[in-house]
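In this document, chain identifiers A, B, C and D correspond to the written order of the chains, with residue numbering beginning at 1 in each.
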Amino acid sequence: MKTLTQKYIEVRERTGLICQNLQIEDYTPQSAVFASPPKWHIAHVTWFFEEMILKKHKSDHKLFDPNFGFLFNSYYNSIGERIERHHRGLLTRPKIEEVYKFRTYVDQAMVTLLESNCTEEIEALTILGINHEQQHQELLLTDIKYTLSKNPLYPKLFQKNLVSHHNTQKGWLTVDEGIYQIGHQENSFCFDNELGVHRVFLEPFQISKSLVTCGEYLEFIAAEGYTKPEYWLDEAWFWINDNQIKQPLYWKQVDDTWYHYTLSGLQPIDKNAILTHISFYEASAYAQWKAVRLPTEFEWEVASKDLEWGTHWEWTNSAYLPYPNFKTAEGAVGEYNGKFMINQMVLRGASYATAPGHSRHTYRNFFHPQYQWQYTGIRLAK
Amino acid sequence: MKTLTQKYIEVRERTGLICQNLQIEDYTPQSAVFASPPKWHIAHVTWFFEEMILKKHKSDHKLFDPNFGFLFNSYYNSIGERIERHHRGLLTRPKIEEVYKFRTYVDQAMVTLLESNCTEEIEALTILGINHEQQHQELLLTDIKYTLSKNPLYPKLFQKNLVSHHNTQKGWLTVDEGIYQIGHQENSFCFDNELGVHRVFLEPFQISKSLVTCGEYLEFIAAEGYTKPEYWLDEAWFWINDNQIKQPLYWKQVDDTWYHYTLSGLQPIDKNAILTHISFYEASAYAQWKAVRLPTEFEWEVASKDLEWGTHWEWTNSAYLPYPNFKTAEGAVGEYNGKFMINQMVLRGASYATAPGHSRHTYRNFFHPQYQWQYTGIRLAK
Amino acid sequence: MKTLTQKYIEVRERTGLICQNLQIEDYTPQSAVFASPPKWHIAHVTWFFEEMILKKHKSDHKLFDPNFGFLFNSYYNSIGERIERHHRGLLTRPKIEEVYKFRTYVDQAMVTLLESNCTEEIEALTILGINHEQQHQELLLTDIKYTLSKNPLYPKLFQKNLVSHHNTQKGWLTVDEGIYQIGHQENSFCFDNELGVHRVFLEPFQISKSLVTCGEYLEFIAAEGYTKPEYWLDEAWFWINDNQIKQPLYWKQVDDTWYHYTLSGLQPIDKNAILTHISFYEASAYAQWKAVRLPTEFEWEVASKDLEWGTHWEWTNSAYLPYPNFKTAEGAVGEYNGKFMINQMVLRGASYATAPGHSRHTYRNFFHPQYQWQYTGIRLAK
Amino acid sequence: MKTLTQKYIEVRERTGLICQNLQIEDYTPQSAVFASPPKWHIAHVTWFFEEMILKKHKSDHKLFDPNFGFLFNSYYNSIGERIERHHRGLLTRPKIEEVYKFRTYVDQAMVTLLESNCTEEIEALTILGINHEQQHQELLLTDIKYTLSKNPLYPKLFQKNLVSHHNTQKGWLTVDEGIYQIGHQENSFCFDNELGVHRVFLEPFQISKSLVTCGEYLEFIAAEGYTKPEYWLDEAWFWINDNQIKQPLYWKQVDDTWYHYTLSGLQPIDKNAILTHISFYEASAYAQWKAVRLPTEFEWEVASKDLEWGTHWEWTNSAYLPYPNFKTAEGAVGEYNGKFMINQMVLRGASYATAPGHSRHTYRNFFHPQYQWQYTGIRLAK
């Protein structure tokens, strides 16, 4: 089994691998308030280790640069002032080269600390930092894609398109009514929002063994689904009209053919591939059109051991709310999850962009219902 | 027992009573996108009877004015075009006198229909229309208050302030774990969002027998609760800062004394009275400060038979989502509830402004978390 | 010749005549930030007399209501706080009846003052107040029209449409080069922005004897003028696209016929009538399409004695800027004109809605280039 | 005397010199809608030569990349679609290296063309392109400064601060009344907005021989000039309040000392240095406070031969409008100046950032009254 140091190094190296095809120009711009520049992600996850671990637990640690706290704090109000979120793309300095030096500097200090004096608290924080970095690895991929998609040249980052998964199962899985245990119960890492193991009663339900495909969704478009208010939540209807949404993000119709932008450039759509880059609003409208519904996060968790999942985050019809007995940790770490428990919907599963081993069947991902830029998909229930 | 006709007349008359002190000038303006002018409310609830019942079920019915559909449709996409929500305050015509004629005209037709030819469908739609009008009666009061509050003269609509309730019970009610039945089970009217009776498992919990008072909330203000991010949901923190929220709606500090605007003018705050006009964001922050939480709507429903309630809508920590087996009705009536099931929080109970007999312990009210203009209050749980 | 008291009474009565067909409901709403409610106009012009004259010059004067200063101050920063401009439509109180009592009260006090103790300063301020009220009389008409136009019922305020003037002259007037005297030189009232008589050198020019007609403007529309960027100023091009402007304000095409909303309802457009409700942006684009230009305000002033004018305000290509030696008066009266001398264009002439005798050939009206709701027209020059 | 080819090469090289200290990261981000990224400027001025000259006049010219028209067109509607202005900062590709290759490619083609087959039209367009590039050189400096100023690290681009000019003259210059000739009359290059030589009559005036210094402006701040509405134009008053403007751009008070951000980092303010980065609104308020005024552009032009100027653009109180007989050129080149003649104020002179030899005493620069990011200053008149 891997040591914590090995695990640390492996995850840190994966961030570098994700960025290996980036040009220096790609690291700085921010293409939307909800997306962050690669340079910011890379520095921020490093700052997390320095701020949360080295500063407090490594007595001789000298900060690499005291300004970095201001620059690369994300949203921790308890730690202090930070640059405004929508200004992250203006940080032309420090240079990316400098940020990579910062990474190396912190990695050396972390490895020294882990090898010499690793208390339980340090171990716990390091594991949290590793998982935190894995989350940003996924955002790196989705944010880079979003920025590159704004470029009329349709740049290619990778030679081959990694996202083109097909379902291998069909039909509906039936689950019986009953009291089920929900939440993380094992003796391994999880986020605080998965804790508070509790019982939930589920009425009997059926859940699809497959995710909706591009071809199936094209039928919804062909049926003029985007112009019929009866399928849409009220706010969804305003959203598609105000933003002129007529298809999933990155889709583009040229003459009679549908294409989508991918990290390997503009590609024709494969009708048998699993649909992705869909908002909750669209997922909900599609389900309404099909006269079925989306599963709740509890139904998903219970059914997940019998289902094929892991290539797309699956929107559930559960709002992101605390479990009974949810506790917020003291201090900055306590700002990790709890304060976002409003106006967001839970996604379950994992995606192609998720770091290997990062997710699990109790994992609770969450986004606002209008966002499309994650690798999201639709699974139906009834 | 009252006949349906009697019930119809009684509810229709109550709308007139609510408006009896209004001046003609008060009927037209709209003070916020979320609030509607009294004239619009009065015409809209009447239009509902004409559009949903008379037009279809009274063969000889002549529309009072064919333009009124366009003017007074609220949000029924399936019925056709309507004026934009934020333009409701520009309707200086028809005159309020004309709108009252419209009411009389529809009332005569409705009574004729109910007395002569009342099928089960008509009965059901009439009961829906009555309940719909009761909902707008509450909005009439809250919207009028909101508009009058914008007037630096602090106008008085009523001689005495109706909202100054005190708790009569204290302490915590303990509820055991178990499977509970949720939803409307009786053979009487309810909204579609209460249907789909289903079982819910509740972990053991305690719920407060009293609502938070003004005096208790003043302690939160005195403790600088509005300036400490650790108590606030992330979006709440932005909301209070962007909107400079530093106290409940209608509160105003003059020298060292706290006042609040009421429908009987500006009044000093009674510390023992139950707090009202509070957003979910504030309710949540207050609970966080107290190191407890808000109840879920299921906990509330189970505990409600042992609790004193009915003077203030109580924010729960449940998002407004469909019950299992929730069904949307066909046609325009189906737009009543389901399409709002996103980004809103459930409130349970009733308020001083709720029409007598309108609410019940399965009733699900819902608003966005930032709204303060309803008669809302805080009940804690743990 | 009329006495000042007679003139005062006559102008004050004209305000009442303009409003005689209004319903109580019409007095309160505000349909745009740039427009004010009739009740506000009526109270504001009255407040002007009380604030600027009675308060200071009538020793025994009691304010009708001390709150009215806050409610009906328009933009005089030096006088104190006032309600925000876009909240004027929320003043359901005082009632219009009360505002008319305020008028009567002030009129009695003014007449007493004028008849008993009229110093030169009082006389000057009264004349300013009279001219101020005449300006608001024009705004009353244009603002009422704007609000009523938002009503899908197309209400009629007057039985016959007052605006349908035809040109009686044709061709071009030629003016020689030379040094001309500009500004008000007579011994009669004028606004401060007309003062500072000064010399201007004009190169020779030609100016049209007629204003552009609806029929001529329809040719511009037919030539797809609204879709061709080469005719439009850059900000104008954004303005027509952002606001979907495709015709003059109040115009509406039904099948193949063009209509416009007037104070006597929706009427077919008379091609020979003079075009009105046109922004500077549109006037400029039309001139560009015709390969000519708009006159400067100096050209207009020099040519005006030989021209027919007075039914439409005529956009000039002069920005609203101070004349040499322009002086701002001390105190609140000094806020009348000078502080608006930025980002506005000068209009010369007068319109059907201008109070008789109010304008003159040195009069400088001014509006932002995008506004269409005044009775504006186009005169060409070259 | 230099040949056109020499001049071409010299100006093109100066662009490279301006950027020599930039890091690759600095080239891409856009820090405001009104500012453009360095990469965009560099590519755009190059595209101008390819689009306006090589494409039409060099028969064998192959476009470097056909997509560049879409990417680097600024505002020429007649040439075709272009990316939205506020998206210029998202162009991570082409890389800056590629853009420099584009420059070299176009330079080689241009030199070949100029040396072999330089018609009068090519010569005229090349001179226009050179002047166009010089204008962007100034914007490069001001836009880079604006972006770097957003960085909390206060980066230094140059070792020494280039902007710290002192007045060498004092007192007022008196100019007599008379008819003066305005506009470019020489047989050399000028922009179309300087043409249309015409006569203007000026009343006698006095104009300051010096520009306002930082120390003088600090007196205005100390006198609470930013909180007194009587000094401000109405729109200026809203602007300073909405944007919390309390000092010139880049100024920052730390304890009791005033600093300003410069391209050589944060520096203490030199009270004797000439004030810069001031909006028209502030210039106008300062003049009002001093009970004098800004000169008109005609006064400036007449006085300029007796004045010291060239380190700061000087706001005039003239709106940017066409001269009599102003003609717009045919085609894309005609979009250069005329379409911006609305809502902008004229600046005269030149600044430290202006390319040597670029400006002249008839030169008309123009910006909206709220902009501060150019090297602007204040000269008074009376």
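Methods note: a residue touches a chain if its C-beta (ideal position, glycine included) is under 8 Å from a C-beta of that chain, and two chains touch if they have at least 3 such contacts.
Small disclaimer: the values here were computed from a predicted structure and weren't measured.
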item: Distance-maximising chain from subunit C - centres being C-alpha averages; value: A
item: Listed pair (A-B, B-C or A-D) duplicating the C-D contact set, over half by residue number; value: A-B
item: Centroid distance [mean C-alpha coordinates] between subunit D and subunit A, Å; value: 44
item: Between subunit D and subunit B, distance of the C-alpha-averaged centres to the nearest whole Å; value: 57
item: Between subunit B and subunit A, distance of the C-alpha-averaged centres to the nearest whole Å; value: 36
item: Complex contacts: residues of subunit D adjacent to subunit A; value: 23-29, 31, 39, 67, 70-71, 83, 87, 89-96, 147-148, 150-153, 155
item: List of subunit C residues in touch with subunit D within their complex; value: 75, 77-78, 177, 179, 198-201, 203, 205, 229-230, 232-237, 281, 284, 293, 317-319, 321-322, 324-325, 334-335, 339-343, 369
